[in-house]
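One chain, subunit A, links the two complexes that follow: it is found with subunit B in the first and with subunit C in the second.
Coming up: the complex of A and B.
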């Protein structure tokens, strides 16, 4: 029984994955819609639609789990339960208002604009302080060549980006501006391309392992 | 009593929330925690409402309201309506530890489609365009001097292109985690590979340094905007606007 279900799930993952993957490499507009391949591509669109729906349902399950975790915390009055109570009230209120009035209603947008947007931008603003602190800590705690290159590059880019540290006129600034451009457009561009290619190769290998059913993250 | 406009209340609440979040500068405190928990609650509720309104309702509920159960009996309805309903129901089995194994079927579909999108996206969106761009830097059309181009400019471009390619290759060599196993059971790479891997590390440090500086500049701008916003709110309150 277990082997049966495992095979079914693996076949489901491999089958749907291959159909979706084919869509990336075949010119769909040159295939007659009533042919076998044409029908497979129609099925591909359906499968993509199902996957989007399942992602939404998975999000719902995640939200329900978030609610349950904090509900349990409040009912047991564990450490920080008051914050969990705030979270539950905010969650339920926003969800109900969003479901009843719609997510683009004036009331929901009021919550979005007055709380969510300021929190997001303020957290990003805080990042300026935490990033600076992290930079100072790196200099203080790790004094090897790689750290030196990292901090030195960051400083040169900051100086060359001006205005602020240096006047934007004069030979001194134009030297640092040129150096910054070279660092960004040559050294960092090559490094970033290497990182991107490395990430892409890693993603392809991980994805292919799933598509070949070597890795089975869907269970058993 | 004069009526207070909604945008004014919105601005006051936003200012309070901004102060609560920025209070983290003095350390983790009650105000910061209240603001973050409030944020998680509202963001989660908003995400749930968006998912319902844009995906779940039009796919599972609206066809039922518009066409009724008769839709289920048609062959087209089975594909666009019955199967999505069944998949969604099976997915809900994941909520019960006893029945969660039945939820594996829709998860398998989601994982299969996700893996295909990752593989296809990585090949067509990153691997091919980035490799083509790297190869294009040394193609005759770009690497050879054009008529009337000063030698120094051409040489500068060529050296930059070569250096970019060396950076890319050395970073990729650093990412290559395979190595030959020696007699003692340890691993070793060739001397050239080790040198290039170390060079790759330096280029990664340069790249992250540039990214760090960019992120720092962007966040400093956002921090300045937040202070400007607080200044505007105080000015508006004091000015009585």
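Coming up: the complex of A and C.
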């Protein structure tokens, strides 16, 4: 029974994956809609539509999971349970307001614009401080050549990008601006392309492992 | 064939063929990979965390399953399999978190399978695979509470991250945890290099399965990456030389 179920999930995942993948190799404007390949392309679009719907359902399940995690923490009075209690109250309140008044209502939009957006923006601002401190920590704790080159390059690009450097003429300033441009357009761009190439190859083989049902994250 | 991209299909078949080839020769000619400091250290710290009754946390990032950025999280699930196998019998088993609902379900299924294989299914808890927040920064905002309240001493980031990845890694550093972090985005990798103790650079995140002994397919897939990379590099060099000689433009 267990083997049968596993085979069913694997067959569904592989079949769906192959149909979607083949759809990417078809140039639809050159294919008659009623041919086999044309039908595969149509089926691919249908499956992609289902995937979006399923992802929305999964978001709902994820939110329920989030609620359950914090509910468990509050009921056990574990460490940090007060934060979980605040989350549950905010969660239920926002959900009720959204359901009753609608997601586009002034109250819900006010809550979103006055709480969610400022909090997320503050975290973004915190990132600048975090990165500055991380730069100092890097020099202090990891004193190898690569780290020093990393920090040195970041400083040079920072200085070269500053308004004082870019707007000032003269040999000293144009040297920094030129060095910055070389670092960004030649060294960094070349390195980033190498990284992207490696990431693309890694993504392809990871996808293939799922497509061949070797990796089965959908369980058994 | 008109209307069908045969080149793409041939390249895909090349990948499949190489994968099967390297799987076949894996026992006779096992691969030797260069050491990656982060993965080498991870094996030791997981053992220490299990012995000390501390928890391992794996973040699968904030990418969506249906997005183009799901590949690093799928690679992260292979790392999760390896970590879960080592922590199943621990008092505090691994916790996996993500910013996507569907990815949380995949993490739960992965953990459930490991517990089932270890005949320890009663120990499995569905909340060991969690969605922390639906947006990147709401996900990161929840991390310090998780790290502080669940005795986490090993903090692994293996998934798709934007700028928020730097905060996620930094929270782990502040907690005094071992931090191993990798992602697919080149800019985020630079941020992780500065903030994480053990950053994974380039495609190293996709090598987790091979380095943590998840299976021979993972070793074979890493060898496929290397082989195809060599082919591409050869092509680039030949192209550059021919271009210099004026044979091609």
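Some points to look at:
Assume the second predicted complex is superposed on the first by the 214 of 220 C-alpha atoms of A that agree within 3 Å, B and C clash if a C-alpha of one lies under 4 Å from a C-alpha of the other, contacts with A are read in each partner's own complex, and residues count from 1 in each chain.
In this section, contacts are C-beta pairs under 8 Å (C-beta built on N, C-alpha and C of every residue); 3 or more make two chains touch, one makes a residue touch a chain.
Quantities reported herein were computed from a predicted structural model and do not represent experimental measurements.
Once the two complexes are laid over each other on the shared chain, residue contacts for A:108 go to subunit B alone; subunit C is not touched. Contact comparison for subunit A: of subunit B and subunit C, B touches the greater number of residues. Contacts of A:139 after superposition on the shared chain: neither subunit B nor subunit C is touched.
Of the two partner chains, subunit B is the only one touched by A:184; subunit C is not. Of the two partner chains, both subunit B and subunit C are touched by A:59. Contacts of A:27 after superposition: subunit C is touched, whereas subunit B is not reached. With both structures placed on the common chain, the touch criterion links A:37 to subunit C but leaves subunit B unconnected. Of the two partner chains placed by the overlay, neither subunit B nor subunit C lies in contact with A:7. In the superposed model, A:45 makes contact with neither subunit B nor subunit C. In the superposition on chain A, the residues of subunit A contacted by subunit B and by subunit C overlap at 21, 24-25, 51-52, 54-55, 58-61, 63, 66, 80, 83-84, 116, 119-120, 123-124, 126-127, 131, 135, 150, 191-192, 194-199, 201-204, 206-208, 210, 217-220. Considering their complex, residues 6, 9-11, 13-15, 17-18, 21-22, 24-25, 33-53, 55-56, 59-60, 79-80, 83-84, 87-88, 91-92, 94-95, 101, 104-124, 126-127, 130-131, 133-134, 160, 163-172, 174-175, 200-217, 219-220, 222-223, 225-226 of subunit B touch subunit A.
Residues of subunit A touching subunit B in their complex: 5, 8-10, 12-21, 23-25, 46-61, 63-64, 66, 80, 83-84, 86-99, 102-103, 106, 108, 110-129, 131-132, 135, 145-147, 149-155, 157-158, 161, 182-204, 206-208, 210-211, 217-220. Across the complex, subunit C meets subunit A through its residues 2-5, 8-9, 12, 15-16, 19, 64-66, 71-72, 74-75, 77-78, 100-102, 104-106, 109-110, 112-113, 116, 126-127, 129-135, 137-138, 140-141, 145, 148-150, 163-164, 166-167, 170, 173, 184, 186, 189-191, 193-195, 201-203, 205-207, 215, 217-218, 221-222, 224-225, 228-229, 232.
Contact residues on subunit A toward subunit C in their complex (touch as defined above): 21, 24-31, 37, 51-52, 54-55, 58-63, 65-66, 68-69, 72-73, 78-80, 83-84, 116, 119-120, 123-124, 126-127, 130-131, 133-135, 137-138, 150, 191-192, 194-199, 201-210, 212, 214-220.
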